[in-house]
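Before anything else, here is the set of structures, which you'll find just below.
Each of the next two complexes has subunit A plus one more chain, namely subunit B in the first and subunit C in the second.
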Partner chain A sequence: MSASYQGVLWNRQKRIYDFVLWSFIAVYIALFAFLNYRFDPRITPETLFIRATGTLALLMLHVILSIGPLARIDKRFLILLYNRRHLGVSMFLVAGTHGVFNLAQFHSMGNVNPFVSLFSSNMHYTSFINFPFQVLGFFALLILFMMAATSHDFWLNTLTPRLWKSLHMLVYVAYALVIMHVVLGVLQLEHEPTLFGVLLFGLTWVSGLHLYAGWLEGKRDREASHTEGWVAVGTSDDIEDSRAKIVFVGGERIAVFRYNGKLSAVSNVCKHQNGPLGEGKIVDGCITCPWHGYQYRPEDGCAPPPFKEKVSTFKLKMVNGIIYVSPKPNAEGQFEEPLVIG
Partner chain B sequence: MIMRERTRQSKPFYIGWMPKAEPEYRSFVRLVIFALVVVIIFVSVFLVTNQHGFSSGVFERSNFTELEGMLIQKPFPAIKTFYGKDIYGNPLVKTIPLVNKGKFGADSLVAQMMAAHRTAGDTLWVNIKGRLIYNRGVALMELTAQDAAMHMMKALPDGQKFAAPMVTDLGTATLQGQIVDPKCYLGVMKPGEGKPHSDCAIRCIAGGIPPMLRIINKDGEENLLILRGEQGETINRQVLKFVGQPVTVSGKIEQVDDWLVMKINPLTSIETE
Partner chain C sequence: MIATLRRRHRIIWRVLVPILFIGAVSGYMLAPKYPSDQFGVSRISYPQLLRSVVSENYMFDLRNGYGGESILEVKQISAINPVSELVTIRYRKASGSEVTQELGMMGGRKKYSFNLKTIQPPFSVTVTDTIKRVTLANIEF
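And now, the complex of A and B:
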């Protein structure tokens, strides 16, 4: 959480996260090399490194894509989500190493520029099975590069969260390109059905998790869905202290927080990365986003100074012990008198 | 930013910028780390043990070998080495094709050497130094130092007679196989065949390395045939679109000393499967 451009705001948990992450990277590459030399020492060092980095990047991409839906299914996975950007940048570095080694191995020291060679060696662009698979990998890498290069909050603020989020949703395009890169590339030579099976398992895992998390969220929304007028939220006893209840009104989620004997309602969408504020908690008197810890005051939806983010607030009323929320949002950052629990 | 306030809650809540995660999160993340360790062990063992396997080809990256023999341009740039005679008194020949550094053939290097030192009708007896690439009794030499790799020892007067290859016509045939570049296939790269390697093979053949048809018979025995045009000309550019794919090739096969050469019409003789 930063008010202006700064380098990475390191903290203890980010350091632990990165240490564990790079330990995994080192262990995987070492293990892959050891096993290759143990089972078939005829492999060349270049092929070893290309395969180690390629498979590692693909594995990391599966982990990255799994964290979002897993965190929606079980909140304890939020600990992996907090520093997911470092995981993404690290994955790009591994994938980039794979790409650079491939370009050097297969396209350099020839009669044309390596990039010209990449696009012009295999010209079977109209064939499915003979399609130039390395081009698919190149475009996947280009997307991952754009994501890594804009991963800092400076770019989030500069590009606006909406555009930034759209750009980063291209990870799914990159994933599709990578899957086709593998299917039309190395799997054309390595025919083992079990290799296809593992790739299919990964694809099913990622798709299944997203579908299940989406279904769960849809179910919650349907249960809390309302369309017009003041909407009943429930009684104050339905909301745990310092926590919120989410209601789905007219296509928007509203988080109703209970704290210090009061109630306040804000938009459920964090301005940082659209995190679900209603799954957060009141910490230090502020609503704290479960994704990256961005904070907002419950009564006016403003981040505490020097931060500038603002979310919409909503009017609340209580009739016969039942809390009602107005579906019409106030302006972002507008103060709304908290409802005192009688 | 803001003083931390202890709140009493039944459910733990994770905040990344706090110094420590709550105990429930810490124990959970240890479990996740353990699961990921199991996953990477499984994935690495599974991938390594399910690979196709690698060829026994050797590229002597750090070892330079000197060869002495006759420099020839046709049917492909090579050095013919002689290592004795057979029971009929014929010289035993080992022909080692020459390739350039990187993804280039040695045609121009050999042509330059010939032009610089040969008088009409003579053949060059040379000493060359390079890195050997070999697999299953077939060898190539990379002229790593390029033109500095060759030293003429002497011109052999009337050497064409001596250098004339023993050519045996083996008739015409239709063969199924794959067009590869011999430099990578014999050991520089592994795998040096198939789709993953096809871009590199295309680049090598486009750079002048002779295209080679690799065939495997039903008993798993491998044969390698250098592809040439019907008049023995190079056809590198014409075969590029077929490289790395399963192909059927028809043409006339000749045994030239210890190599097989297949002469084809590149426009009509190659079909993809």
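And now, the complex of A and C:
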């Protein structure tokens, strides 16, 4: 909900996060170099650096892809979502270094343009096992570059959240390309069972998490889609003051907030990046998104001026002490009289 | 996340998971099994040089090992940077039949030694880039 954009939104917490992250990157590369030289002193520094950055980027990509489903499975992981973009951009920088070193070492010493060499040095495009694996890595890097370049909120607003999200979901394609880049690359040259075991473990972990989170949400959505008419939320005592209870209605989620002896219901989906508003709280009279702090007034779902974001509101009623919410959303930003609970 | 996105995620992963597992497992199973040379000779030197042959990119030294075995030392002497270097030997057995045997990959190192055991000249040695499918050297001893 920024009125203007700053180059990068850093605060103290993010600075600490970046410091820890880049310290980890430095330690990983140093440790990788140390262990490799110890066990295989014949390895050249270029090969070593290519391997260190390649394995590190792969590890970071696995971590990044685990955060989303973990946060959907258990709310305690939500905190990890906050800095995922910094982690993503850092991962791209590491992967980019791997790509540039590869290009320099294997494709820049001939008399053809390195990019021409990358695409033409191995022409087995119709073969599975001999497929030019470096090309797969190149396209994965291209996707990661597009994601890193558009990671700022300016692009989120310029491209619209829908397009932006679709673009950023290409990370799954990048992941698939990276896995095959490793399988058809280093695993062909070094038929190492340990290496393959580690890769398979990572793949099982990431896909297991995504499948489980998807199954869990699908189940909730199916249960919710059976509800028709007004949906029971519970009693007002079920909701902590300045907090919300999330209800599933027709496949969508509604956040019912309690504040100053009143109740208001809004869509659970933040306009910024679809963050879960119902997991945030009321700060200065406004619902505050837990992901990046966008704010909305509970009565009309509008962001306070000068901001312009709006979410839908919902009608509420109370029968015999039980709160009910209407499954039909009001127009975005439409005022809805709060339900007074005394 | 909104319902459409949740559904899109579910579909993507249901499609991606079988493809990735099949791709990864078959890629590993179908990988060519080049002999991995466990012959750790990097810190051992074999003083008895029998013969040297030089090609454009490599120098091949045939040496005598301490147990009387033949050692083939392959050194890269040019600035080429092949992704993979598979060293193959072709020789004639006592029975007269010709044998082509893969000795191993050089693994990006500039110098590598292979234990030829009882194989003696005449034989030919080839270095191939298995990724680009080009012959980097082909010499006769």
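Throughout what follows, the second predicted complex is superposed on the first by the 330 of 342 C-alpha atoms of A that agree within 3 Å, B and C clash if a C-alpha of one lies under 4 Å from a C-alpha of the other, contacts with A are read in each partner's own complex, and residues count from 1 in each chain.
Assume contacts are C-beta pairs under 8 Å (C-beta built on N, C-alpha and C of every residue); 3 or more make two chains touch, one makes a residue touch a chain.
Fair warning: this is a prediction, and the values are worked out from it, not measured in the lab.
Trainee: Mind checking the superposed model to see whether subunit B and subunit C fit together on subunit A or clash?
Mentor: clash
Trainee: Check the residue A:Lys165 against both partner chains and state whether it touches subunit B (first), subunit C (second), both, or neither.
Mentor: Second partner only.
Trainee: Counting only touches as set out at the top, which of subunit B and subunit C does A:Glu252 meet: first, second, both, neither?
Mentor: The second partner, subunit C, only.
Trainee: When the two structures are overlaid on chain A, which partner does A:Val283 contact: first (subunit B), second (subunit C), both, or neither?
Mentor: first
Trainee: One more residue to check, A:Leu189. First (subunit B), second (subunit C), both or neither?
Mentor: Touch partners of A:Leu189: subunit B and subunit C.
Trainee: By the touch definition at the top of the document, which applies to A:Leu118: first (subunit B), second (subunit C), both, or neither?
Mentor: A:Leu118 sits against subunit B, while subunit C stays out of touch.
Trainee: Mind working out whether A:Thr44 is in touch with subunit B, subunit C, both or neither, as first, second, both or neither?
Mentor: both
Trainee: Examine A:Ala176 and indicate which partner it touches, taking first as subunit B and second as subunit C; both and neither are also allowed.
Mentor: Second partner only, subunit C.
Trainee: Please work out whether A:Lys14 is in contact with subunit B alone, subunit C alone, both, or neither, and reply first, second, both or neither.
Mentor: first
Trainee: Could you say whether A:Gln105 touches subunit B, subunit C, both of them, or neither, answering first, second, both or neither?
Mentor: both
Trainee: Among the partners subunit B and subunit C, which is in contact with a greater number of residues of subunit A?
Mentor: Larger number of subunit A residues touched: B.
Trainee: By the touch definition above, which subunit A residues appear in both interfaces, subunit B in one complex and subunit C in the other?
Mentor: Touching subunit B in the first complex and subunit C in the second, residues 42-44, 47, 105-106, 109, 121-122, 124, 130, 132, 184, 188-191 of subunit A appear in both lists.
Trainee: Where on subunit B is subunit A touching in the complex?
Mentor: Touching subunit A from subunit B are residues 1-5, 7, 9-11, 13-21, 24-25, 28-29, 32-33, 36-37, 39-41, 43-57, 59, 101-104, 189-191, 193-200, 202-204, 206-207, 241, 244-245.
Trainee: Provide the residue numbers of subunit A that touch subunit C in the complex, in ascending order.
Mentor: Residues 41-44, 47, 72, 105-106, 109, 121-122, 124, 128-130, 132, 165, 169, 172, 175-176, 179-180, 183-184, 187-191, 196, 199-200, 203, 207, 210-211, 213-215, 217-218, 221, 251-252, 269, 274.
Trainee: In their shared complex, at which residues does subunit A touch subunit B?
Mentor: Those in contact with subunit B are residues 1, 9, 11-14, 20, 24, 27-28, 31-32, 35-36, 39-40, 42-44, 46-47, 51, 55, 59, 63, 75-80, 82-83, 105-112, 117-118, 121-124, 130, 132-134, 184-186, 188-192, 194-195, 198, 240-243, 280-286, 288, 290, 292-293, 295, 304.
Trainee: Give every residue of subunit C touching subunit A within the complex, in rising order.
Mentor: Those in contact with subunit A are residues 1-3, 5-6, 8-10, 12-14, 16-17, 19-21, 23-28, 30-34, 36, 42, 79-84, 105, 107-111, 130-133.
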